[in-house]
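Look at the two complexes coming up: chain A is in both, with chain B in one and chain C in the other.
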Partner chain A sequence: MPRPGFVLEVDRSTPPILFWRGENFSLEKLPADRSRVIYAPEPHKVIDDIDGAINHALLNPVDMDPLPTLLVPGMKLTIAFDDISLPLPKMTRPDIRQRIIEAVLDMAAEAGVDDVHIIAALALHRRMTEDELRHQLGDRIYDAFAPRGMLYQHDAEDPDNLALLGETAHGEEVEINKRAAESDLLVYVNINLVAMDGGWKSTATGLASYRSLRHHHNTHTMQNSRSFMDAHKSELHKSNWRMGEVMRKHGPKIFQIETTVNNDTFPKPFDFLAKREWEWNGRDRAKFVAAKAGLNRTPPRMARNIFHGIEAPHNMTSIQCGEVEAVHRLTTENVWKQQLVEVQGQTDILTMGIPFICPYNVNSIMNPILVMCTGLGYFFNLYRGKPLVREGGVVIMTHPTTNEFHPVHHPSYIDFFEQVLTETTVPHELEARFEKQFAQDDWYRHLYRTSYAYHGVHPFYMWYWGSHGLQHCGKVIIVGGDAPTVHRLGFTPASTLNDALEIASDVVGRSPTITHLHTPPLMVADVK
Partner chain B sequence: MARDYPKQTVRSAASRRVLERAAGLAEGLESLARKPVRSWRSKGFPYRAPSVPRGVEVPPKPSTLGADFDTDFARGPGSRFVRRLLVAGPVTAMVQFLARPKVEGADRLTDLANNESIGGVIFAPNHHSHLDTPLMVTAVPKPWRDRLVVAAAADYFFDKRVKGTLAALTLNAIPIDRETTSRKSSDELRRLLTRDWSLVIYPEGGRSPDGWGQEFKAGAAYLSAKTGAPVVPVFIDGTGAIFGKGMKRPKRGHTRVVFGAPLFPDENENTRRFNDRIERAVTLLGDESSTDFWTARRRAASGNATPLTGPDYTGWRRQWALYEHRKVGVAGQRRRQKRRWPDLGN
Partner chain C sequence: MRALRIDRNTGRFMIARLASGIDTGSAAKIGPLTLGEADAPALPGVGWQRVYPRLTGICGSDLATVEGHASTYFENWVSFPFVPGHEIVGELDSGERIVVEPVLGHAARGHALPFEGAAPGDGDDYAHLALPPLEPGIQIGFCNSTGGGWATELVAHESQIHRIPHDMSDERAVLIEPLAGGIHSALQAVESVRGVESPVIAVQGAGTMGLCAIAGLRTFAPHAHVVVGARYPAQVRAAKELGATTVVDASELARTVRHVVGCHIVGNYLSSGAHVTIDAVGNSESIGTSIHITRPHGRIVLMGMPARVDVDLTGLWHRETELKGSYTYGTETLPDGSRRRTFELAIELAGAVQTERLLSATYPLEDYVRALRHAAEAGPRGAIKIAFDLRPELLKTDKSKKAENR
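Entry: the complex of A and B
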């Protein structure tokens, strides 16, 4: 029986706690009697017979007819799937998406469906390479569909292949992939890593155009989502659900397939990274010492390759299919079961180690803008109820935050860092002054469509993602960060955690309460 | 007309002397051995075999060859260690050199590997060549490779003691009757499956005589029904061209081993129907191997898939159809694709 999440009250006998620092980590001693550490629940058991569970779910959907009855000869069937940003780290082969799509194709073949397209729903994310697609879908699907042009990646900037379905009552335009919009049945295959994934967000975001996405990927929506993980308090969620209404009326019939995975994040020999420190045995300690010594001497590029080569042992804990909203309710419950940790009250200082990966730097570099997004956008929002840190409190992150960008994946990030952040770091202001220019830039558009680049507007979205955190916190400190780079982000650099606590005392006083988010593995704090 | 015959070669005096000495030495040895042999012959029973009294019929000795060959020694720790070395070394090297195999579909066995309640697994491949067994022994995924027995024809592999011992030691072969239904063979296989040994059994019963497959016999389905062990359909492609039936020496080539999703007997499904399902699964894998995943499934669903046993006609048309079948066809697109650039207009 996996143990539930745990909040450790730090005392004098508490060992130093693990903090991630990008492609490295350190052990830090937290002040006794006023610090606490939040540990994720242990990984839930995965389904033994995954193929059996997939077939059962497809034949017994929620509020919809079984999939085989929806498949008829001569129909247009489109299968869309989540892109490389999920799950993190990538899972060992075979990926869940491969298994599900193979099962759907089996049924489609049996029903005599010939016209099948498979589309990667990547919104404004970068195109995936052939190897990445093969990892997600397997060689069998790739070899059968890609050469015939029946497996491809959504292009949010292709005017000929987008269809405007209508507008919501709030004036939000709903424009999605034309093939998906004109299909007789759209099967969406999703992996729900956190509660905000899935539901209408799958189609209304994953298959949408910039014209549609800008209505919910903006400062207003992000600052009014408290948090993204809590559907009832998320403006992002509400906007996607409004768009879902339009899709329900004017769009294709959607058969939603949602899955949840457990939080078994690290394979051997990195498994000690998910353990509670006082439970490390001799081998774990030896592995930590060896890994730390090795990583200290490893060039960053090589360390990055090592970490991005990790294939997580996490696997499917549930699958549900059918009508989008009914399915998503079940999925969210299953996500909560794995991730929720009850925490009493807020804290003055929230500490977090920023790891090597976030949804937007898979096989890439965690650049300074993504550090901000991971810390203030993702980790800060891992709450339900109230934020973990009180309003006006301090967030302390640990990360090297070097001025380093992936020139192929993140070209517009470089200009955002050099041209926009030098002018302002205020989300509203940079949105008003610069977003349009980046979003409509022909060169960025060209790179997004033909290379492996994120869309020109993507760094803005990353900044908006953290805007609620920015608005909420009195100060943000990055321990171990490159000082000029951290200053450019509008944050304060510190050499050590003790220095950071000293700096924070200007805002929160001499003996603040401290909470450390021991993640990854992922969790969501249910703050009472 | 007189012919010119080659002249008789005349031995040199030196070689003649060597032969004379050798003959003398042999004579000496014979005279030395003569005495002890004579004295041993003079001894009777119990030093010599007993004579059989008249009117008494001696029961025939139980056979230790063929299906009765005892292969238990091959599953002892010593033999397993030796076999592991042999498979990892010379057998793998030979397979890599001759067959250059590409293994596909092993990901379909992930659940099976993770399921601790499942012990033995039955691998049911098609059969074209003696090379199939070394190929399977090296291609079967790790969890099962170390505890794998191979059902081998008792009349072919176990007709001589040396041959049988070698087959048992290197491939963990176990004799199985092809012609008659032997209870001993099936009991032994069931016993091994329940003790978590996995089995490679060729449901066709023998190598293909003409390149097409043969109808499946129900051995794998029967064993699965009796033990609950899953059957993994496997399609082996290319070994017939390397060392098919009737070939005197092997010819290097390329092979592909495709594993299918495991099959379990359904409730109330008789052995014959389950056997049909196994045959259909192997046929589908064969089609997948020569075309692709989606084409194979559509052809199977529409009933247009080429059966494993080939077309009904005989003679040259059958061979002709085999040639057509082997052409890669639509799967010519299997090559890695060039980047597809979107049309950005002018």
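Entry: the complex of A and C
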């Protein structure tokens, strides 16, 4: 029986706590009697017979007829699936998406459906490489569909392949992939890594155009989503659900397939990273010392390759299919079961180690914009109820935060860092002054469509993602960050955690309460 | 008179060149430059006056000479030994304060003007620069006959002398010569974007010359988007203060121009680019970058003094880019069609630009080693313009001698 999440009150006997620092980590001693550490629940058991569970779900959907009854010869079937941004790290083969899509294809073949397209729901993310697609879908699907042009990636900038379905009552345009929109049935295959994934966000975001996405990927929405993980308090969720209404009326019939995974994040020999430090045995300590010593001597590029080569042992804990909203309600419950940790009250200082990966740098570089987004966008928002840190409190991250970008994946990020953040770091202001130009830049558009680049507007979205955190916190400190780069982000660099706590005392006084979010593995703090 | 002098000493030039490659600023100590007493230059003839420098700037071309980096091109256009220094605010025997337009033009050398009212820098035949009655020399500061501003005394022709207003400080006036150079380059840039609704002008380098070009662009092309690549924080600040639209690290200039223009990058080249690029650096890398970032059929104004460079000109050829040298100043045709001398424009503009803010430090002549090191390291040390302050020397100048000259 996996143990639930746990909040450790730090005392003098508490060992140093693990902090991620990009492609490295450190052990940090937290002040006794006023610090606490939040640990994720232990990984839930995965389904024993995954293929059996998939078949069962497809045949027993929620509020919809079984999939085989929806499949008829001559129909236009489109299968869309979540892209490389999740799960994190990538899972060992076979990926859940491969298993599900193979099952759907088997049923389609049995029903005599031969007009089938498979579309990666990229939204404005970068296109995936052949290797990445093969990893997700398996060689059988790739070889059968890709050469015939029936497996491809959504292009949010292809005007000929987008369809405007209508507008919400709030004037939000709903424009999605034309093939998906004109299909007799759209099967969406999701992996719900966190609570904000899935539901109408799968289609209304994953298959949408910039014209549509801009209605909810903006500062106003993000600052009024408290948090993204809590559907009831998320403007992002509400906007996607409004768009869902339009899709329900004017879009294709959707058969939503949602899955959850457990948080078994690290394979051996990295499994100690998910353990509670006081439970480390001699072997764990030896592995830490060896890994740390090795990483200290490893060039950053090689260290990056090592970490991005990790294939996580996490796997499917639930699958539910059918009507979008009914399915998503079940999915969210299953996500909460794995991730929720009850926490009493807020803290003055929230510390977080920023790891090597976030949804937008798989097989890539965690650039400074993504550090901000991971810290203030994702980790800060891993709460339900109230933010873990009190308003005006301090967030301390640990990460090298070098001025380094992947030139192929993140070209507009480089310009955002050099040309936008040098002018302003205020989300509303940079949105008003610069977003349109980046979004409409022809070169970025070209690279997004033909190369492996995130859309020109994507760094703005990353900044908006962190805008609630920015607005909420009195100060943000990055320990171990390259000073000029950290300054450019508008944050304060510190050499050590102790220095950071000293700096933070200007804002929160001499004896602040401290909470360390021991993630990954992923969790959500249910703050009472 | 007290003077810093450069002798023709090939060995010392070579040592200076080697030394400056190892330790920036060391060339002043061991190179061809010496401080000592020298005979004041004789007045070459009618129309010449003695000038007693108050402040004299240290220019990049002066440093190149001291450090032995100047091109051998100049061997036939200068005369040794000479006293460097051509950014001069000084006073005449009459006590009037003046700035010197240093180019030794037709009038100064007793040759017929290329056209009526020509400025010293005008004309399309430079024979006069190498012919008697003066020794060869493109300008004061490179001519044995006239002396230069790094001394307590020199001579200048009436055609080179511009009286300045009483209320203009020496600190402001000493920047007039580089400002004139900046205006000249700016007008060369503006000329090629005439009729363009939203021109994009890139400026590489934000030392004194780049900054003066920015000031010129802001005056004569206020509608242009001026994108500047600067290396140091002080340069970034100054470029912004002078009105550059966008200032970025020099390494980001190409990306920024691309973004402003909204074009593509193909290999190292922008598919389009800036309408004009002012290259205020003038080395192989900067000229290469200028070609990369200037749009096909655009213009590069080469403001920084180059020497021998290694540049792939295929792009220049293919894109039919115009590469235009920009040496100093002369008579300008303004956007409204009127014609003015650049120096007059610079004197008028100096107040609005507040050129004195570009003057970072002054040194006495005796402290020339430290002064030249500071100038050579200006960027990293947060400085823009370094100058010699000769006013204490001027106070010591024998009043009777000045009276005698009067």
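Convention: the second predicted complex is superposed on the first by the 528 of 528 C-alpha atoms of A that agree within 3 Å, B and C clash if a C-alpha of one lies under 4 Å from a C-alpha of the other, contacts with A are read in each partner's own complex, and residues count from 1 in each chain.
Everything below uses one rule, namely that a contact is a pair of C-beta atoms (placed from the backbone, for glycine too) under 8 Å apart; a residue touches a chain by one contact, two chains touch by 3 or more.
For clarity, every value in this text was computed on a predicted model and none was experimentally measured.
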item	value
Partner chain in contact with A:105 - chain B first, chain C second, else both or neither	first
Partner chain(s) touched by A:418 [first = chain B, second = chain C, both, neither]	second
Touched partner set for A:116, first chain B, second chain C, both or neither	first
Chain B versus chain C as contact partner of A:11, first or second or both or neither	neither
When both partners are placed on the shared chain, which of chain B and chain C touches more of chain A	B
Touching partner for A:446 - first (chain B), second (chain C), both, neither	both
Touched partner set for A:143, first chain B, second chain C, both or neither	first
Touching partner for A:279 - first (chain B), second (chain C), both, neither	neither
Where chain A meets both chain C and chain B, residue numbers	446
Of chain A, residues touching chain B in the complex	48-51, 93-94, 98, 102, 105-106, 109-112, 114, 116, 130, 138-141, 143-149, 152, 155, 158, 446, 449-450
Touching residues on chain B, where the partner in the complex is chain A	104-105, 107-108, 110-111, 114-115, 261, 288, 292-295, 297-298, 300-302, 331, 333-337, 340-342, 344
Complex contacts: residues of chain A adjacent to chain C	414-415, 418-419, 422, 437, 440-443, 446
Partner chain A, residues of chain C touching it in the complex	246, 248-249, 252, 255-256, 258-259, 262-265
